[in-house]
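Take a look at the following structure, please.
Order as written gives the chain letters A, B, C, D and E; numbering starts at 1 within each chain.
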């Protein structure tokens, strides 16, 4: 177990180190102009190390340095109680909730749609092109309207946000599942055919198992898409709670550092969610060596 | 012109005129069936006006050069391939109805095991589909696996088996659910002679005991002669029946029979038919 | 204990002590090689301390019950499977070096054709990899396809062929690039007897002409006796060599030979060995 | 037959619409009629779907279904008097499409031809290239994959303002967002696709001592094609959404996203939906094009053969 | 208590302090109202919200409201809290802009979505053609374009974005500003709007009057005591991004836009100011926000007068 851990951790650590290095370099490069203009006075009189120090600790940097972001994260998590809107974890929880609800609904919808499409020619021909078209409708553009309409239908709380998350979530799942459910080799389908297996049996015993390798990658993409959807949906709910609202207000108040800490948090949340899906995948597709 | 009478050698009507066959006695009735595979260049005539009637309880072997349409004929009977012309009846029904009535079992030319199922679970599959209880399924599956000499491999996955072992799993799977009509496409092709002999003997005994109808594709002349009540020799391009040979061997058979002159004469006849089929090929 | 001397019957050294074999003459040298497949339940000992030396220009057949490790042994020589213990040398090199030197051709137990390539393009593949010109590749491929009787199918895709035809494409592919060492895993398993005889004859002539080293897996005793200079009988669980039979037939062979008493005696010997192998299996 | 019946009912309903009088009873009366027409429409779609023999029948089914959706949208909007600022009737949208086509054409050029096309090509190309490159380096794979998956979980609403900050207002910042969005799906699919070649096929190439490049070219890439096409298709829709949404966060005064956001604020919903229609048609067309291309290139794959 | 929902135009900040103060201090409750304040944001359209029946009354800018009227959502102004515009163009002196004449050839950041018409009107007045004489950017909701020097000037509010520029480290001496109010192209900002048909219902009018009464009280308090108002706003921000010093400063700036605070006239829409805004909107650029004069139908004093009792 140990060496395996090292085998996995080492590359991640190495790449992470490289990224941090690049990040610092980027911070110096991108912030230099602003620092020279706004921070380093009198103009022109500064040493290189002063410049670097200034770029890495600006009030309103183009790209905040990693330690600024980490410090901000740390303070937001440690300095406030968990249920305070100033604590980032509070917003993580809000976003995670709508993401998860949307993800579960989206996955179910995706699988059901795929199963229906695979089994019904009418739906395959009539629906599939429109499902594709539905995804080319920019969500953010209609999210406000969708939220208003959902609101007038009596949905409130997580439901509207989860709906948007679901809308983004179900598509990759549907596409992958349609492909997966159609992936059984001809001879395998014919075998089931000779048994006069019912559609139901063929679905559970052949189509679904052979679709699983397609399903899980799509779930990983789906959960990420759901997270994006949940955050997008947080904007037109009026900048209330959630990581999306944090990003918005951070950007609005010009607080670059808090944008980046919300960004890092959302990425971490995404990573945790995909890792959870990957864990389920390992469990389900587990085969003895 | 050269095509033999489609009822030639049918046991219950060896002497009777063709029309006299009572429908109840005919398990499979293929009438002037043709199959054409469309293709970008020239369409392939895989079967051409094939006529064949197989009685209940018969053991019919199909033999012929590679690519002559044996698999296609089996697939037509099993409702896996539509015919371009002609008519096919299975137990008096269309192949489709027969399939839905779960009238037959089919062993494919390649094993077609599900990689996510263990060996045992693969054999249990058709039984589960028929809705038997889990315990029943498992008992039958274990028994069948023992028959093909795979006890101890129940919990392995298909990819952990050798080619011949996979083929044996596939045979066990088809035998397990005791179909009235059994179709087998080169089931013993990947087996060594000893194992093959053993399974041949078992299949022969099974047929003895239960008189199921069997349609059997093989490349081994000895196997065909040993097992069959009738041997159908086919020739390719277009795929058609060249000759139907009625076995003169007694129904009760042992492996020892293979050294008898009667056996050898039959084998010789089949070989000649085959050679003729190859000749037809070369002409084309 | 029962394991035969690994050099038993090696032509150039039939009488000499084992160490005297000049390295240059040995094409394949397997020394106390074992392969264990790890498994969740009990690990499978697919090969157990196998000893085998194959001289340049020999035609060696491996025969044995299904699952006895024939494919595994071939894979070990071809550097497709690592050995758990022992040593394997191919032309004095490790299997890996030999593979990189493109020292051999391999025909798999199943056809392994690329579905996106036509039949012709599939046969051209190894030639293209060797960097021959397109025209050359195509000429050779067409010639090989003719040999296996598939002229006219060049532009079809694999899924449009019957099982036997696919297998023949795979044979044509392996023969096309004229490897010094040829490994064939049940190449003729899916073919009818006539086609099989024809290809047997061609293979025999090829070997006559060019004296390539061939390691050949088969389930047909007749085929093994007809083609081989030595026949290796294996037995399963754990996979090991039971017996090595040196052919007493002349190098020059025709199909007629098969009716000679000498041939039959050899076949009998092989069959006995096989039966013994099956006995070993039943004990386990 | 079914079609004719449904169309008849639909026309009847259409006439009844303006004719029906009083506010309240109007919808009460027409709703059952609407439902019956709905059933007839569904039936007609089924019948068309059952048709066989020609490729065009598939498209016809989809088109018919779409027409019915548009029809019921139109009817319901006027029947239930949905406010125009929430959901305009299709006829309004078509009107806007016709009247303002010059504006929308400019937006199309700005958003689709510049940002989407370039971003999509770059993102897919990069994802593919990196996938092929790190396929050989398990070390990098293990290190980069989690990181790359981060790029897909960073929501585009967060990236867009940053992209504007770094790459300016013009299309390069939108293209950058698109690159980031499309990169990860392509990377993951490429890696999965490269693993898709069967063991036997790989071993065959091994016995030929085929070089890495040869194996890649002759075996692994062809085997990966269905996966790569899958990613390209998903990316086509992602890229459109990405570019449009990115324009919400600062843009020149042209572009589909600009149009949608500014016209929405001016309550000009017909033009908003007009822009959305342009986006949807573009996306669907791109998708259909890729499907056709896939049929040509991955013709051998069972999933393609099954539907061919 | 009677339920009432009000939709803000932007995120919770001192711009809406009056409502938050009235809520926090129980003025609404005292009137027998149970008020829900919905925060807004760049993606929230108050018009859509009220059209979808998700709010009874909205805070909106007049250009947006009048455009909505033309698009079929009959909004009516019932009160105008801000009687002055806080909108301005902020430029860096380093860009070379010293007066509106220097705009030619420069890049200017503008808020779109109805807010661009005062700007277009101004450009028409200056004789500058957008996109040829000046390059127009659709500005996001922050001030980065100016800080990154992507634009010579950007739109700011006196109470908010301007200070963000300053907070970012740009010295006020390095900036030059142009007020719309002073250029004569201003339009009315934060006012309260309801749907016209509802005003037929006396009960609705009465309820709105109570709302106005309490809100005005809140506004008066907020103007008088900015520190307290800021505290209330910060506490009401669910995103946790608002800070006390920033909101205090904003409240003080907001106070300057409500010149009627503390008087009887608070919230009264001057018909002259209304007409001036309509004129600006009718003449702005090539495609004006509104094509026909709504007349007096888009405003009413009925509710305001009822609130005076």
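Miscellaneous remarks
The rule we apply is simple: a contact is a pair of C-beta atoms (placed from the backbone, for glycine too) under 8 Å apart; a residue touches a chain by one contact, two chains touch by 3 or more.
Note that this is a predicted model, so its numbers are computed, not measured.
Here the chain-to-chain distance from chain B to chain E, counted in touching steps, is 2.
Each step here moves to a touching chain, and the least such steps from chain A to chain B number 1.
More C-beta pairs in contact connect the chains of A-D than those of the other pair, out of A-E and A-D. With respect to chain D, maximal separation of chain centres occurs for C (centres as means of Cα atoms). Distance between chain centres (mean CA atoms), chain B to chain C: 29 Å. For this pair, chain A with chain D, the centres built from the Cα atoms lie 19 Å apart.
Between the Cα centres of chain A and chain C there is a gap of 53 Å.
For the pair chain D and chain E, the distance between C-alpha centroids works out to 37 Å. Each of residues 43, 45, 48, 51-52, 140, 142, 144, 148 in chain E touches at least two other chains. In chain B, the residues that reach two or more other chains under the touch definition are 110. Among the residues of chain A, those in touch with two or more other chains are 62, 140, 144-145, 148-149, 185-186, 235, 248, 251, 288.
Residues 33-34, 38-39, 58-60, 62, 80, 84-87, 90-91, 140, 143-145, 148-149, 151-152, 235-241, 245-246, 248-255, 258 of chain A are the ones touching chain E in the complex. Interface of chain C with chain D (complex): residues 78-80, 99-102, 104-106, 108, 110, 112, 114-116, 125-126, 128-130, 157, 159.
Residues 185, 187-188, 190-198, 201, 205-206, 209-210, 212, 287-288 of chain A are the ones that touch chain B when the two sit in their complex. Partner chain C is touched in their complex by these residues of chain B: 37, 39-41, 44, 63-67, 71, 109-110, 149, 155-156, 160-165, 168, 186, 189-196, 219-221, 271, 274-275, 277-278, 281.
Taken together, the chain D residues at the contact with chain E in this complex read 83-86, 161, 164-165, 168-169, 247-253, 258, 261-262, 264-269.
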